[in-house]
Each structure stands twice: as structure tokens, then as C-alpha cells.
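Letters A, B, C and D mark the chains as written, and numbering starts fresh at 1 in each.
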């Protein structure tokens, strides 16, 4: 029996709750899950959400969740600025921690989180759920088996359009205090995939831009935008591979795009999160007259698709990725091999983001380490 | 508080269980759900599955589920041949029934089911989950708003390849006693969409074929295949629209294809279940130089996508459709409007399938009613 | 040196002229081509078009073209109703004939054309250019090599939207005297592909419909439409394969769609003329975890792509298909093997179209022969 | 009457010849074209090719073409290293020059070409045919009309795989003397599109890489590759727009990819040369529930598609782009407005390429001018 605490119940909070609710029925091989304690910004909200999401107790103070003796694992889904304090408190209280990405706007805080995790002996992992999809996992299999030979170049793009409207008003994400902009919001996701599939980034050269210099404020004035919605980065990996990582949160028409292009000596792979139940593979082992990208639909033989649906091509959903992540977390707690970005790996991702920002500021290549 | 009984725990049984598990957290506006009693072919299997899926009790006899006084709703997911007996027993015991499609191989049995539902005063619905997807629902909205004008022609195809391998052995689905073949397996799904979007089919003209005349048996002999993996039907709807309905379970490469093409006087709509988070729309209201099919990604403004994910383009999964269906069922039980295929509507679908088969046998157009 | 006469200089007339102009430079292995004589509806038009298209002489009377002793081959691109008279006259004058499809609205006239061709000893072929594309030719290669095993089912759709506007006025194509409607306009194209790839159609069961019952006339009244814009046909081939052939000229959004789906015992092929530089192939010889449709871009190893461009994926255009057809015609005249629909094969296509119409009229299956 | 000389008769030489052959019949509004003189590496080859391509005279010495008094325009399609000498000689002989891209491996030579063009008073243009496609031209119209608002970001990729095979032997394109690699081969094409659609590039930051460090030579040894098959560049345009330009000639699976993504304040445009008869457009002027990328098929209302085919969606081919370019050239010679990259604009493209290479060498941002 595992007791779960949840801090925050917005987009990702609900996503965690759904994962905790489903993981047993989907995978079968996990302990009973008890939804013990939900904490949110105030007691009234927490009560409503606890009832809807099925938690036994609620609290308007997140510290009560962390202190609850029946809570074994704490899901941290509050705004990024609170992650460090909450995660560290939970670890110090002897809880396992499942914290949404990124770790913290401030690198020193992220370092403290990693140190707390190391000191605690508990499992501390981050919510980089895109690495969990059957298609991405199968890319890992294909790379291990060298199906496209040695990878020599990669391109990754991540784009959405929630900042694309020039008439939308100024809000906190436009303030410098919120971070860099698209780098914090998006670059971390592609970096988690690069980390999972290839290893670390060694050098970066970044350019950033602001599609809209200023935005209207509530009082009818205009205020200069301080963050950057677009960031384009030349990268070099420690294994010698060169590539690019391009992100934008002002790309009209893109809703959840995360396109990966991997080029190897005997083929290539293309993937796009907007169609994450598909994978495109080109290999030179096909007869020349019939070479072409195969569009492979995910199926039970792409782990762990079959735990959800026994028929191919029926499709998983976004929330299912979080359920897979939850299962990996439970495996890790049980000491089994698991595919996750823990706080140490997460710290390397954030180190890379800060190096990108520094590269932009200084207009030059920057070594990540 | 609603008590749930589940009969059968295979592909669709697990799918029902996941829906029952998630529906409260996803939608919020439903009563507490209690997973009371799971019945399966024998007690050992039922026990294992009850534990995995989170049911309180189990039984190797489905009648125990139906008789359980704490069960309010019975999910019937046993093989098709058992549907009638189980559903009728549950209705007679005063339970609401959520039965997987199709109703029954034998039309008289389906008629008895509909009669039992009418007599019971309980809610009795079928698991036609494809009508629940946000894209399909949005097609309904577009048709109501006449965005593509008056529909004058439709084409529907449903194809998979689980029967496509000529070297796979003879099994019960190749026996005439199992039904017609692709008509039972697949044609009912497109018919549920036609029923939900347009109304009834009035006339049919069907051709069927067998890709493989015989198959090997366990003893190394060959046995003639008695069912048809492919069925192609010319149809006329009661509203005067002409169309075609083509199905195959031996279509190599198709995994969960269900393509709909709707042609109207001011535009057209194309949908494919293999990419069910997308919808393609062509309208003549666009400027001529920019007319083209728009690929619309599902988003929170396509009901009820937003209950799952607040961000557009992130995608629902196959199991989410069953959760939506479950929510509709709970709404119907509460007397609210709901989008479902009940036993009466289901009977009309099966009537159409039998008319198709008769049309093929007699080589002529057949009136459905 | 080959002398060319052209009758008609509209859409297909210009297309023939471009083919005659380019064929030598593209293929290299053909005789010199001399554009001798262009005939059109009147002398003024013929003069203008002869100058633009590069013909030496012109005439307002097509008989002058046929009679011209320096003309060896006559391209007949006048309206369908004139084909028989022109082609027969040209054959009787000892010319080879390259006539646009279809042969004639009236089957007896088509029969006379075939008889005249047989009697003349000249080459007489039809402009079914879709069979010439490198992708379609490569489908032929794949079928010969049995790459998808034995084909057991096919589906063909041909759709455009030039009749889709309900506000467009009544014109001659809506009169019964123009033929059946979509059957004449479109069904012949898919039939040419079936003929080229598989052989003859043996039985048909056709349904037709009118999206718009009447249309406005010049005087502001409304007149009943007599032809059918939509035709859907169940077909059986002489080789036993079952399939469907669906055509519409009122399908909003479709511009030049001609989709073919071929299902075999070891794979499937999908092709769409709107992207005719691509071919989609699924085979079970790929490893199961990587099976999927390959999108194959046409390339020099798909004959005769390389005669146009030596680099893969650069794409041929619609007019290039006519140039290939022209080359095949020249090969046939030289006695070499050629891939063409001659008048005999064309007659079989028209026989099938008339059988479809009769099937619709009588509401029953009709044997083509 | 215009007399044409052609130097070189390989891939692009044949492409020029086909354009010269067809341009009159396609467009109608141009003078008579006479194919006067073809020059190639030796007289035998020139004779064969002149016969095939329809030229009156031939020569094994290109200077004879330039000197021919009946030649008005010289098509220069010899290897890049010869462009400067040939083009300058032709201009000095009073001919108009149509030279394949790029101008010259050496920037000083390109400058001499531009100077010679200026001094000659003749028309001197480059073969950047991708800017001629109806889809690209229509992008220009959409940008002029501000259909996607103000463009704030662009991404361009150009990829092929003709260098992707690691087992292919070392040849002259791997020697430093041939230029930089992918920058020369490919980057110039996207730059021509940027030049045509937006204007000049002001700053660049480039990274290059070698997928394969060495290759086998004829004698069985291995030789270090000196050029770079991959180049990735951060760019800034003079109009302030930021973007990226990524090119590779070792990208397995890509055959003629040239993808453009343009992001504006009210929409976005996506184009890929591998499907150059299509254009994808997203605009916020659509109703939110139906916003999505429209796939627009080229049609007669996209200039000058209708000169080739009067029906939409039938598709132009790669060679047709050169015919359009040829028509623009003839218009320019007649003093009409024309869409072309002349030697001055071409020089700016090459200046940008050299700045990219310098940026890579020095590991820093470089101002193009």
C-alpha cells in the first residue's frame, strides 16, 4: 500500500491524480495506491479538488501534506518557483518526490534540490513525461540496435502558440523574474529526450528573439516584454554529434509540436509529438526502389502500449504518458530498473538551459560544464 | 455513490474498468464510484483481475454479479454470444446495463434485449465508443451549423489487418456460427457513427468476399473459411443521402482505420480514427486562392477534450473515449441529455447488418425495414 | 521524321502539343518530330493557336488535317462527340491516331472506331495518361514481383469538385445527351488503371446519385439535372478479385484525386494522383515492430522518371505524363513493346461503363460481357 | 526570334533545353525560340546531345557558342568552376546570360561576373528556379497582403541524401578546393527564397560538421574528408527577423526537401519542396474551433500554374519551374517586370555564404556586409 500526497491540482496536478488513479489497473504489477492528502492554495479549493480527484484529506497548507505520516510519495505540481522549497521539505520528511519540470528558475535552488535528494536516500524524479511514450521508447530500441547506424546529426524543434497572439496582455511570464522565456518553458523537454536517447550536451550557441517588443497592460499602457518567446540553439553533444534545438511559444498553428529528426549512417528517424502514436523510419536496408519513410503506428509490441490497449493503432493519449511515468516511479521505488529523469539528470538539463542563456547574452559558444 | 459490477475482464473489460476508475477525476461532476463485483470465467481468474483492477469482490459465476444488491450498473464485456442472457438478467434484476457492441449474433436475441430494456425502465446502452471522440462530436456541431451545407454523399471505410495473414490458422471467427464476418466485427461501428450523425439507413446493396478460401487446421489439414473478411455496401439513408460503407478485417497495413468522408454543398469533412485527434475540413467560405483541407487538432473547445487536458493538440487516447462514454452513461442515469447508442438504436444497427447480409445472399437491394 | 497533326487546341490539345514538343529532348531515342498541321473550330482560332504552339500550318476544318499528306499521326482532342468521326477518318486516311479518352458517348460509335483501327493496320491509342506515371508503373512492377502477395481486394476512388457548386448554372454536361455524368467523366480513368494492372472487370453493381436535383438557367428558371455527378460501383474482376469503384465530380475539396488501395496476402499499396510522385507500400517482410506504410518518392529507378530528372524526389508534373504517353506511342509505331490503352482495350473500358449504367437503371448486378 | 546557345548538357543543361523547347507553347506570349548552338566538353558528345535536344549546331569548344552571331542568349550550365569565365565572355560578346547557380566558388570571381553584367547592359540572371513555383509565388502574395500579419521568425531546411552513404568513395566534392560543402550546394537555394520573399541577411552564426571523417579512395586507402556535409546557421535579416537555415547533403531519406516555416503575428505558412504543389497556411482569421493548417493544392489562380494546366490539383513538375524561369528571363529581356535573381542579387547570396563559412571558422557571429 502506497500513500500519495499531491501539492497543486491544476493542469499537471490533475494529470498526476489521473496517473495515480489508473496506474494499478493499467499495469497490474504495482501496490495498492491510496490517495491520502491533497494540498492547494487554500482550504476551499483543496476541499473541492480532493473530492473531485478522490483524495481522503485536504489542506490549504502544503506543509500539512509533507508532514502527513500516511503519505509516502509527494507529487509536486505547484508553480515552478515553489518546487525547491516543497521538494526539499518532502525529501527531508522522508518522502519520495515526483516533481514537475523544470526544477527551479534559479540554478542554485535546483542544486539544493539535487543535494537534498542525494542526502535523503529517497527517490526524487521529474515529470519529463515525453520520454515515456512507446514511440520514443522504441526510438531508443532502434538506436541501441543501430538500425539507422551511427547517428551523426539531430534536429529538435518544440513549438506551441499560446504566446503568439500580439493582442494578449502582458502577464507574469513576460517578466524577467519568471525566467528566460521559451528556454524554461520548452527547451527542457527536448533536452530530456536528448538526455534519454544520447547523453549530455557539451557546448551551445544560442540566439533568442522577441516576436512582440511590448504588450498592453491592464491600465491601457504598453509594457516592454522582458522574456524571449523564441530561442534557437546550435548544439554539440558529448558524444560528438552536432545538432540544433529550436523552440518557440509564439508559433501560430503549432499546438504541441515536438519534432525530432535523427540522421544516421544507415537511415533516419522522424517523430512529432503532435502525432505521438506514429514514428517515421527510413533505412537503407530496404531495397533501393522501395526505400521511403515508413509511418509506424504504435502497437502492443512497442512497450508499454499493450498495457493500455491490446490492439495496434488505437492510440494512447497525453495522460497515458503520465501513467507510464508513474509506473516507472513505482518501479524505481521498488529498486527495479526505470526510465526516468531524476534530480541529478534534471540538474544537467537546467545547467544546459542556463548555458544557453549565457551564450545568448555573450554572443558566443559556451561550454555547458 | 454508484456500485459497479463488471462481467468479463479482457480487452474491453479492462477498458470499462479504467473508465470507471477515471471518470470521477476527469469529469468531477459525477457521484462516487465503487467497484463492487467482478465476474469472469472462473474464480481464480476473477480473483486476480479483481485485485489488479481494484474490485472489492469477485466471482466465477456472472450471475453473482447480477444478483449483488450493491451493484447498480453492470458492465457486460463477455463474448458476444453471452450478451443477451447477461444483459437481460441484469435488467430484470433492476440494474442499469452497459453492454459492449454488438448486441447479439442472433437478431431475435437482440430484439429480446431491447424488449427487456424497455420493460425494465433502466438505462441500457451499448459500447459504441467511437461516437464519443471530440472530433466526431465536433463533426456533429459542424453539421448542425451547416458549415459544409447540406450533406449529399458519404463514404465510410473501416479496416484492420488482424485477419490478413493467410498463414494464420482456422479459428472460431471463420465458422459461420460466429456470424457474417467483417459485417459483425466492423460494420456496426460505422453504422453507429451514421446513426449518431445522420439517422437511419434505409436500403442496402452488399457484396462480400473471402480473401482466403481455406485455412490450415491444428491437424495439418485445410478447412474452408465460412465467414467473409471483406464487405462492401452501397447504402441509402432515410434522409435521401447516398453513400458507401466498406469494411475489411484483412487489410494489411490498416490497424484501426475508420475513415469518414462527408460531402456537402459548401464543403467536406474527412476523419480517420487512426488519427482521431485530427479533423479535416474544407469549406467554400475560405477565399478561393486559399481553399484547402484544414487539419484541425482537437483542443479544449472541442467537447469534452478540455476535461482531460487544458492545452490543445496534446491528444486523447483510445481509453479516454470509453471514459467519455461512461460519463454519458452516468448523465443518462441522472436523467440528463446524453449522447449514446441505447438498445433501441443498437437494434436498428443490427437490423441493418442483417439486411446487408441478406442483400449479399440474394444479390439485390434490400430495404432495411 | 514524323509529321504531327493536332485537332483541337484546348486543355488536352495544348497538352498533346507540349508532349510532341518535348518528347525528343526528354527521351532522345525517337525520330525528329515536325508539328505540321493544327485544326480547330475556325481558322482564326487555329491560326493563333498554331502560332503559339509552333505548328507550321493551320485550318478551320479538321478534315484538312486528316487529309494532309505530311501528317503521319493525328492527335484528336476535340469534344468527345466528335472523336469517332475524326478518328475513323484519320485511320482511313492511313494515319496513326492518338485520341483523347473516352472514345465516344455512344457505344456503337466506339465499336466503329475499334473496327476502323483493326481494318487500318495503323496504331490507334487513347489518352489514358494516368497509367504512365512512374509510380503507377512501379506498382505494376511490384505486382509482377508479387511484393504484396496475391491481390484479393481493391478500392478505387476518383473525385474532383468542378460540379460541386450548387449555384453554378445548368449547362450541357447536365443534359442526358452528354452521357451518364461522372461515369463518363471519371470512371474510365480508374478502369484504365485496373485494365493496365489487373485485367478486365466481369460484373458490376452500380448506384448513382444527383447532389443537386436542379440548377438555375440563364433565364432565371430552374431546370432538372439529368446526369449523375456521383457513381458508386461494386465490381468483380475476371481474375476473381472483388472491389469498389467510387467516383464523384461534386466532391468539394478534391481537385484531382484518384486514390487506389490494393490489398494483397503479404502487403498493400496506396496511391493518390494528387500526390502522384509518391507511392505508399506496406509489406509483411519488414520486421513486425517496424511495419508501416513507406512513403516512396519517385526517383530515377522508377521508369521513366530519370529521363526527366536525374535526381530523386524532384517530381514530375501532369504534362510529363502525356510526354511519356507520346513516347510509348512512338515506340508502338516502331513496333516496340509499349504500355498503352489501344482502341480494343478502350472499347472494353467503355463496355464496362455502359454495363454500370445499365446496372443502375435495372437495380441489379450486370455481367459486362 | 531569339537564338539560344547552351553550354553544358548534363542535368541542368537538359533542363534548360527543355525549358527553351516548351516556353513558347506554354506561355504563348514570347518570341519564336531557335535552338542555335550547343557546346559541350568535346565535339562527339556535343553532336549527340545537339541532335537529341534539337540544336542546329554543336561545338566541342564553348567559345564557339559565345562567338556565334546567331546566339542572343547563352545558357551556362557547365560545372561551377567555369561559370565566371563563360558568363563574362558571353556578356562581353553582347549576349544575355542565364547561368546556373551558384555563381562561382571564389567570391572575387563572382564579383567579376556582377561587374561584367553591369558593364554589359545585358540581362544576366541565375538559375534559382525554386523561387518560380506557383506555391512560392503565392507565399509572396500572402506576405504582401499580410495574411499572416508581420513575420517575426523563419526556419528553413534543405536536405538531400546523395552524400549520406558512408561507403561511397572519396571524390572531388570532398576536397576543400570544391568549396565548403553543403553551404555551396544547398544554402544558396534557401537564401534565394529568403532574398525573394524578405530581403537580405545581415548577420550569421554558423556551425558545420562532417558526418564521416574520411572515405575510401580508389587505391583502398582512406582519405580525410575536407568539406562539410552539414551546416546549421542562426540568421538575422536586415528587416529584423530572426531565423535559422539548416542544410545537409547527408540526410538519409530526404530527396529534395526544402522546408520553409514562416511565423507571423496572425498566422503561419509551411512549405516543402518535396510536395511543391502544396502550401500549408494557418490563419487566426478562421473561427477558433476550426483553426488548423490548410493544405492548399496549387491551381490556376496561383500564377502561372494555369499556363500549364487549366485544372487545379493536377501538379507541375520540377522541369516546369525552369520553364517559368525561362519565361521570366524573356520578360526581363523585353523590359517587363520579372521575378529573377540577377547577378547583383546572386552576389549578395554568395556574400552571405562566405560570411557563414567565416563565422564557422572563427566561431562567432559575422556581419554579412
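Just so it is clear, contacts are C-beta pairs under 8 Å (C-beta built on N, C-alpha and C of every residue); 3 or more make two chains touch, one makes a residue touch a chain.
Computed from a predicted structure; not experimentally measured.
**Student:** When chain C touches chain D, do the two copies use mostly the same residue numbers, with over half shared, or different ones?
**Tutor:** Counting which numbers both chains contribute, over half are shared, so the two copies meet through the same residues.
**Student:** Go through A-B and A-C and name the pair with more C-beta contacts between its chains.
**Tutor:** Answer by contact count: A-B.
**Student:** When the C-alpha atoms of chain B and chain C are each averaged to a single point, how far apart are the two points in Å?
**Tutor:** 41
**Student:** Taking the mean of the CA coordinates per chain, how far is chain A from chain B in Å?
**Tutor:** Centre-to-centre distance between chain A and chain B: 34 Å.
**Student:** If you average the CA atoms of chain A and of chain C, how far apart do the two points sit, in angstrom?
**Tutor:** Comparing mean C-alpha positions, chain C is 53 Å from chain A.
**Student:** What residues in chain B touch two or more of the other chains?
**Tutor:** If we look for residues of chain B contacting two or more partner chains, we find 254, 291-293, 297, 299.
**Student:** Once bound in the complex, which stretches of chain A touch chain B?
**Tutor:** Its residues touching chain B are 11, 14-15, 17-18, 21-22, 24-26, 28, 52-54, 160, 162, 254-257, 274-277, 297, 299, 308-320.
**Student:** Considering only the defined contacts, which chain D positions touch chain B in the complex?
**Tutor:** Contact set of chain D toward chain B: 138, 141-142, 147, 279, 281, 286, 288-297, 299, 301-302.
**Student:** Taking the complex as given, what residues does chain A use to touch chain D?
**Tutor:** The touching residues are 148-149, 152-153, 155, 157, 164-166, 205, 207, 209, 211-212, 230, 232, 234, 236, 242-244, 246, 248, 250-254, 261, 263-268, 270, 282, 284, 291-293, 363-365.
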